[in-house]
Structure formats: C-alpha cells, structure tokens
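In the two complexes that follow, chain A is the common piece, with chain B as its partner first and chain C second.
The block that comes next holds the complex of A and B.
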C-alpha cells in the first residue's frame, strides 16, 4: 500500500497514472466513442469512406482526418488503444512467465541445468533483438501461410485465445494471425533479460537462513521455491516488468510500421503511421497521418515509463534513504 | 590477463556455432518445397524446377546432414564442385537484392557503417556527458530536468521521431533530403574520375578533394544520424548516471573529500575514472542499438544500407536474405561483445577473477 501511496504523491508518476487511467477508459468506451458500422465483420478493421488515395485533413465527418484509402484516423486511434493494451499485456505476461520459469529453474537447481539454461539465454541474446524478431516473423508468416496444423499453429491458437478470446476449436482468423505472428516473434526473443535477473535474485536469496530453515524442516523443492524464494526474489522483478508493457507496445508498433505486424487497415497505431511512408515529400500538408497516432503511442508509452521510473526508485533498495527522486 | 583473453576467444566459436544452429532451426521450420521455392524466380513457368532443386541441394536429407551441408557446403554429384557453405562465405542467393547475400552485404555495408559512425560519436559524447552532469547534480534541478527529458525521449518511437524530422526539415523547410546523395552528386560519384576508397561518401569525397560532395553527403546524413543517435543517448545517460552515482557513494569519495580536495578534483580524479568503467559496456549496448536502429532509420530516410534492405527482404518474405543478414549482424554483435569484454578486463582487473 505504501508503494501506491508513494506513486500517487510523486508528481511524475501521478501524471503517468492519470494518463493510464485515461487510456483504460478510452479502451473500455471504444464502442461509445467511435461506434463501429453496423455490418462490420471485424470491429478492429477501420471503416473506410471511399477509396480515394489522397489523405484528407480533419473535417466534421472525420475529426482527425483520413489516411490514404480513406481509413478514419479517429476510429483507428480509439480502437488502437485496445490493440495496444492487448498486445502489450499479453507479450509482457508471456515473456515474464518464460523468464520466470527458466530463471528460477536455473537459479534454484544450479549445476548442469543452470549451465544449459544460461547458455541458451546467451545464444538468444547474441541476436540483435529487432533483427531476430523480423527474421522470425518472416519465417512464421511463410509457415502460417501454409495453413496446415502443427505445433506452431497450436501455439498461435493459444496466443489467439489469450489475446483475442478466440475459440481454439475454430480456424485462426487471418487478420488476427498476422498480429499473433509479430507477437510470437517478440516473445521468442524477449524473455532473456527476465530470466537472468530472476536467476540472480534466486541465487542470492537461496542461501539465506529462512531458505535453509525451510529445507531443514523438510519442505519440498516446490514449496521452498514457491513459498519462500519466489515471493522474496521475484516479486519486485515482476512489478517492474509489468511496466515494460509500454516498451513492448513500442516494439510491436515498429514491426507494424515496417509492415510486419498488424495488417493494412487494422486499428493499430504503428500500422496507421506506416501510411505516412508514401507521403514523405508532402508530410507538411499531411501531418495528421503521423501526429495523431504518433501522439497516442508516445503518451501510452510515456505513461508506463513515468510510473515504471518512479516504481524503480521505490523498489530498488540501493536507492533507499536517498530520497525518491522527484 | 593473457589467460582471460584466451578463455574469451575460445568461447567465440562455440557461441557462433550455437547461433548458426538457431538460425538453421528457423530455416528448417520451412518445408523443403518452401525452401526450394525461395530459389526459383518464376515458379509457374518452370513446373519441374522445384523438385530438381530439392534433389540438387538435398533438401530432403535429415536435418543434421542438411545443417552440415549448409555450414561447409555440399559437393555437387555431377560437376564435383563444392557449392554453398556459410563457412566459405556463401550465404545464399538474395531474391530481393538480385545478387548473393554476401555481395549485397558488401555493397551496402559502407553506407550503414558511415551512418553508424556519424550517429555513434555524438551519441556517446552527449549521453555520457549528460549522465555525468546528472549524477554530479543528483536530485538537483539539472538531474531532474534531464530525467524528465530522457523519459520523454525514451517514449518516442524512432519512426515517429524520424518522420517528424522529415516533416519539419524536409517537407516544410527543405533543408535536408532523404536518400544518400543528391542526383548530381551521385553522377559524380559513379563517374570514372572519382575513386572509391572506402565506399563511405564523407571519407571518399575528402580523399577525392571534392568538398561539394562532402557537404552534400553530410546534409543527407544529418537527419538519419540524429534519429539513430536519439534512440540511444537517453539510455546511455541513465547507465552513466547510475554508475557514477554508485561510485560517488563509495567510501573513498568521502576520504578524498576529507583530505580537503576541491569538489572539482574529487569528481575529475576520483569519481570519473572509476565511475566510467562500466560505461565501457556501452560499446556493446550501443552496437545492439545501432544494429536494431538502422532497420527503421534507413527505411524512413530511404537510405540504401543493410537495414533498409533487411526490411525490404522481410516484407517480400525473402527468408534467405533475412537470415543471412541476421547471421552477419549476430557475428558483428558477438565480436563487439568480445572486444568490450576484453577491454573491460584490461581496464578493471576485478573482472578477470570472475
């Protein structure tokens, strides 16, 4: 509780929290703020007003203007909030879960298991993250384009269930599949940092008296790990990791911007900004294609970073007693 | 010290082998048919082509055998020549670049290297400099201002930043342009009288005594290098700041002050040399940042380097090119890390005991 109180008292994190609450409200009220057309097949596909290639500036009909192909920017920004939360929360959840599993197994059991898992972590870290994610995306898109059932399709179905609440017994929706591909690639190369930090923390608490005491009274491995080590070594890491939602949204937006995330016309901020690539010489006139979705991303990421930064000061014991920054 | 370097060097081939296995694992997610079709230009015109390629390159062989062939090359049954093999520098044929992947890398590397140098130097100076200022003024006004600026900067995606730069300085003001050179300068560079030394226009133009070309190249480099540098300086600021703060709280700092040294001397002589040691690792972090950053930066600024090629290939699902460039980048990154590790060991003897 004191943590939350501190966050609310700190002006920068307070701004962050207010922004976050605002985004949650926008996401929840999306159908009210930007009602989808009645016959929409997928409410996340931005409705089009004609097929004119020229972007149109803000007008009474389209409050924030339209992109090329007449996708309504206001609609995309509002519904894009939902996409951002979905993508960010699911990626963060899964990367930390993988990191938690690998890190705690390596730290707790040590020995050859530690050796194997940590070398594996190093190999994944040997790749530049974005390049690896792009590579995996292009491979996965080919694999999924094949449309036959295999392990990777099962994975995608699980992810679809988690992200979109998609029924696993039905076929994957091609519109969603492209987003899932990008998310999978980010998850596959995103867990290593968490694994290393959690392993390190487990290593340091495992020799404390309370852990030895638990072992002495005959507690099982699982019980020591679950009841004694994880709450002490891992909780702060997880709290801090939850703030990475912002940066994962940013990474996913980069993939979308390159054309490897959400498909054209989907309510996703990065995808919307990618329309600007065709209008660079006349961007001064078509500023609204970049500015509105860009502002949405910046504020969203900023709000997580503001809260995360304050939280880091509160949770990092080395900084204690030196004031909490701002 | 010598043993430390040797030990580090011995790890290099091990990691590279593991990395190549992971790359090949990704490749082997594709069926033989899909992999063969990556080599065929126009599938509909040559119906039997795919089967013959599967046969010729042994794409139906067991995976370990294929991996071995992919690594060292495969003897052609008819001609007896050895084909392929990434160890022999054969990364495959790039559909997107219409040349071998290696040729594409060689052609585009100077552009990317030039951009990285132009972005990297100001990035280090500004990031480290501001980090020191921040730490020395811990929790005072400059620290707090820099902190807010770095959080805000950290939250702006590169592509938004880059597009905003283009919007103002190209579309509105017309000061800078995308691309690498203007058309007239490109003609000069491609003419016979102009000698190519490094492929980096800012260096070559000086060696050719062409100041006009130099100026033109620089004006094209300003926006992309600012965008690329901006991506990392905030991170460097924070790393330098926390490392300096750590040093400033050490007992020997109190001792130095107790000796009656001026604050300036305490910072310059006692804090900086120790506080900047971990900053050497910035080298590695920066390399990661640059390798990732060039993909988006070059794409936005239509800059013909490895990054924009990577993005193009990925869009057309040219898996061979994408994997080749990723492998090459991983190699750069691993070597860079190794150099940083060794430097770190030289500067800070405590590390070697590890």
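The block that comes next holds the complex of A and C.
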C-alpha cells in the first residue's frame, strides 16, 4: 500500500505510471479506437487499403498514414499495444519464474546442484543474447514447420494459452506460432540474470538465524525456501523484472524487424518499423512509417523503466533518500 | 528413572582447509524424564555443536557426524530418515537460541511464526493455530497477546522476542527443550525473568531441559545435573550440589574460581585460567587441558583420561586426584 503511495508521490514514477495507464487504456479500448473491418479473420492483422508499394502520408482516412503495401499505421500502433503487453508481460513472467526456480534451488542446496545449475547459467550467458535468440527463432520455426516435435509443441501450446488464451486442444494458429517462437527464444536466453541475482540473495539470506529457526520448527525444505527465504530475497529480482519488461518488448521488436518475430502485417510495433527498411534513403518524406511505431516503443520502454527505477529506490533501503528524491 | 535421551559416544568433525576439526569427541550423556541438565563450557568447546548434531542441524558438508548414537524415545536421532527427524524437530524437541534479534523472520508477523510448528506438525488451520499462539504468548507473559499477533518482529523488544521464541519452541508441547545460551544477550533483570519463566513452564508442561551456558551462576539454580565440556569432551559431570561443593577437574575448579561468590570471606582475587582452549585437529594422546593445567603430571602428557565415576553421582576425566594432588 505504502509502496503504491510512494510511487504516486514521486514525479518520475508518476510519469511512468501515467504513461503505463495510458497504454493499458489504449490496449483495452483498441476495438473502439480502431474498429477492425467487418469480415476480419484475425483482428491483429492490420487491414490493407490496396497494394500500392508507395507509403501514403497521414490523411483523414488513415490518420497516421500507411506503410508500403498500404497497411494502416494508426490501426497497427493501437492494436500493437496489446501485442506489446502480451509479449512483455508473458516473457518477463516466464523468465523470472525460470530464473527464480533455478537460482533459488542452486543457492539453497549448494554443492553439486549449485555447481551444475550455475555452470548451465553461464553457458547460456556466454551466447550473445540477440544472436542466440535469432538463431533459436529460426531453428524453432523450421522445427515447428515440420510439426511432430511433441515436447516443443506442448511448450508452444502452453505459451499460446498464456499469451493469447489459445485453447490447447486446438491446433496452433501459424500467425501466432511465429510470435511464440520469438518469445520462446527470448525466454530461453533471458532468465540467467534473475537466476544469478536470486542465488546470491538466497546464499546470504539462508545464513540468517531465522532460516535455522525454520529448520528447527521442522519445516520442509520447500517451506523454508518458499515461505522464509524467498520473501526476503525476491525484491531485487522483481525490480529487475519490472525494468526488463520494456527491454523485452524492444528485443522482440528487433526480432520482428528482422522478420523473425511477428508476421508481415501483424499489429506489432517492431514489425511495422520493418516496413521502413526499404525507405531509409527517403525517410525525410516518409517519416511517419518509422516515427509513430517508434514513438510507441520508446514511450512503452520508458514507462516501465521509470516505474522499475522508482520501485528500486523504494524497496532498497540503502537507496532511500537518494536518487530520485524519495 | 526412564531415560528420555541417551547420547552415546557422539563424534562430530568439520572438514576445513586446515584439516579436520574434531569438534565433539565421544560425548555420552543421558537425560531422564523431567530432568534439567546444564552444559557448561567456554566458547568453542562443542556445547552447541553437540546439540545441533542431535537435531541433525550441522551443515553437512563441512560438518560430519562420525560416530555415535542418540536415542530419544527409543529412536536413534542420528539414524532416522530426514523426514522423520523433521517430524521430531519443533514437535518433540524444541530449541531456543541466544540471539532473539535475528531468530524471527523480519517479513512475517510474530503470530504466524509462533504458530508455524502447529501448522507443520499438527495440521491446525491458520485460525486455530493463531488462537493457540495467542494463548501461548499470553502464557509466556506477553500482555494483550491477541492484539500483537500481527506485529512484526521489529515491533517487539529483545525480552519480548525471547519470550516469543520460547512460546514458539513450546507450542507443540515438546518433551525436551534445548536452550542454547538463551539469556546471554539479555540484560540481567530480563535474564532473571526468563529463567523464572522457564522454571514455571517446566512445572506446568513437565518437560526436560538441556540448558547450555557459560554462566555457572545461571545453571546453579536451574539444573539438577551439570556437565562441563572442554575441547569437545565432557570432562566432569555431577549433580549440582555435588559439583559446586566438590568440583574435581582442575578446569571446573578454575571455572568456579573465576566466579564472584557472595559467600566468599575476605577479598579473594578471582582466578583466571591462562591460555586458550585448543582446536583439535586430531584425537589427542594427552589430556587436552594439560597445557593450561597447574597440576599436570607426566601421565597427563601421554594419555588422555577417560570419564570415570568417582562416586555414584560424579564422573570426572582427570588423572589427578584433586584432594591429594596425586595420581588416581
């Protein structure tokens, strides 16, 4: 309660929260703000107005103009907000979960388990993140293209359920699948930081006498870890995660820009910017294809960063009274 | 009398970079139902490690229980499965510590923590457990306990936290309470209150107590029997009256000599024992106290004395007969 009050009193975090609330409203009101055409098969596919390759500047009909191939930018920016939230929140949720599990088990049990898990973490960390994600995305896309990879199909269906509320008993929508592979790749190479932070915190917290006290009471390992240690160790990870939501959206946008995330024409900011690739020499004339989706990404990432920053200041007692003037 | 706890030849080692530390070297102790035993010794003499070994709370590695048995209600605590020892901890054996400041988890309200053993062992619902926790806190003398269940540990004073710790240790009605220097961190008036409280609870709940301390004054009024530990050995064990009237081991005499006594006549200086207790990296083939002992003889340098009965209520591990100054 007090955390929220403090967040609202701090000017920087207040800006972040206002931006965030704005995005939430846009996402919720997307069907009102940009009503999809009558017979749309997938509301996330941006409606096209013809097939002209020349982007068109903002006009009464297309408020923010159109890209090459006549995709409506306004529609894409509005519906892309939903994609950004889905992608950002789900990726953060899963990376944090994986990181917390691996890191806390390693820190709690120590010994060979710690050794194995942390070496594994380092192996994953050794790959350049974006490169690894790009490679994995393209590999996954071919694998899924072939079908018949049970474990992977299960993971993708689980992820689809979480991201799109997709019914697991039905086949995966190929449009969604392409987004899921991108997300899977980012998740696979995104959890290591959390694992290391939580391991360090568990290592220090488990030496406190209350950990011994919990053992003394006869609590099981999982109870000690979950009820006594994690609540004392988890805050830095939550702060990290809230700041990372924005950057995951950015990473996903990069994948989309490279043609690996969302499909051509899908309401996704990164994908929309990729339409600008062919028009870089004449961006002065066609600024609207890159500025509007770009602005959306910048503001989205900024809002999460501001909120995360303020959260850190509030939750970290050492930072109290410094930094953002709390 | 039926023995509640029977420790036989317990040995605990720690592997360190400097070699194996022999922390507990063949400790044998027994405790009967309803009895209070005081264990006395300097810091690092193995008192706490002995008790932690009992409950299997020694961090392993580096610690290792090398040998021995500890029968509690007919079960060997050192042999039972991890699951079984968990059902014993907190429910049949309670333990309290020296430092009430760090014992409680700062992010969980006191009430929940005191009630936790009931949730773990007795399948109480949260509400029942909290109700019982309130009664227990009331019993250890925390006023308006019900209103304070949702307080966090930092809202309790040191003495109150010590009381809450006792409530938590006793909430499942354990047969045995292990108290590891529970009064050391408290100031003297609170110390007296806590001791009085434990004495009262012992009457009301009928449990046995092992009271670890380095304060000979505290155990005198509390325990029926005293065991003195040195370098991981029990070097003397006797009934309280016998021990204070007739200490046999030079180390025990030294300890008693370092205490101010109200019944001492004149202005006797307090005695101190020179040197430090040894850190044993191997089984010694001399008396571990010999280097600091003013009565050490040739035999003390080549043979470690065993704990032997000198009469039916007194055991001592020393080659020297204190009364005659000669070898036993």
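Note that the second predicted complex is superposed on the first by the 314 of 326 C-alpha atoms of A that agree within 3 Å, B and C clash if a C-alpha of one lies under 4 Å from a C-alpha of the other, contacts with A are read in each partner's own complex, and residues count from 1 in each chain.
Here is the rule we use: a residue touches a chain if its C-beta (ideal position, glycine included) is under 8 Å from a C-beta of that chain, and two chains touch if they have at least 3 such contacts.
Values in this document were obtained by computation on a predicted structure and should not be read as measured data.
S.K.: After aligning the two structures on chain A, examine chain B and chain C and state clash or fit.
M.R.: They fit side by side.
S.K.: Which of the two partners, first being chain B and second being chain C, lies in contact with A:137: first, second, both, or neither?
M.R.: first
S.K.: Now for A:19: first (chain B), second (chain C), both, or neither, which partner does it touch?
M.R.: Neither chain B nor chain C is touched by A:19.
S.K.: Check the contacts made with chain A and report whether chain B or chain C touches more of its residues.
M.R.: Partner touching more chain A residues in the overlay: B.
S.K.: Return first, second, both or neither, reflecting whether A:232 touches chain B, chain C, both chains, or no partner chain.
M.R.: second
S.K.: So, A:43: does it touch chain B (first), chain C (second), both, or neither?
M.R.: The answer is neither, since A:43 touches no partner chain.
S.K.: Of the partners chain B and chain C, which touch A:284 in the superposed model: first, second, both, neither?
M.R.: first
S.K.: Quick one: classify A:258 as touching chain B (first), chain C (second), both or neither.
M.R.: first
S.K.: One more residue to check, A:218. First (chain B), second (chain C), both or neither?
M.R.: second
S.K.: In the superposed arrangement, which partner chain does A:97 touch: chain B (first), chain C (second), both, or neither?
M.R.: The answer is neither, since A:97 touches no partner chain.
S.K.: Examine A:153 and indicate which partner it touches, taking first as chain B and second as chain C; both and neither are also allowed.
M.R.: In the superposed model, A:153 contacts neither chain B nor chain C.
S.K.: Can you report the least C-alpha distance between chain B and chain C in the superposed arrangement, rounded to whole Å?
M.R.: Minimum C-alpha separation, chain B to chain C: 14 Å.
S.K.: Show which residues of chain A both chain B and chain C reach, each in its own complex.
M.R.: Common interface on chain A, chain B vs chain C: nothing in common.
S.K.: Which positions of chain B touch chain A when the two form their complex?
M.R.: Listed in rising order, the residues are 15, 18-19, 22-23, 26-27, 29-31, 34, 138-139, 144, 147-148, 151-152, 154-160, 163-164, 166-168, 170-172, 178, 246, 288, 291-292, 295-296, 299-300, 302, 310-311, 313-315, 317-319, 322-323, 325-326, 329-330, 333-334, 337.
S.K.: For a test of understanding, state which residues of chain C touch chain A in their complex under the given definition.
M.R.: These residues of chain C touch chain A: 55, 57, 61, 86-91, 94-95, 97, 99, 102-108, 116-117, 120-121, 168-169.
S.K.: For the complex, which residues does chain A have touching chain C?
M.R.: 111, 208-210, 212-220, 223, 227-228, 231-232
S.K.: Over in the complex, which chain A residues touch chain B? Could you list them?
M.R.: It comes out as residues 12, 119, 122-124, 126-132, 134-143, 146, 152, 246, 250, 253-254, 257-260, 270, 273, 276-277, 280-285, 287, 290, 294, 297-298, 301-302, 305-306, 309, 318, 322-323, 325-326.
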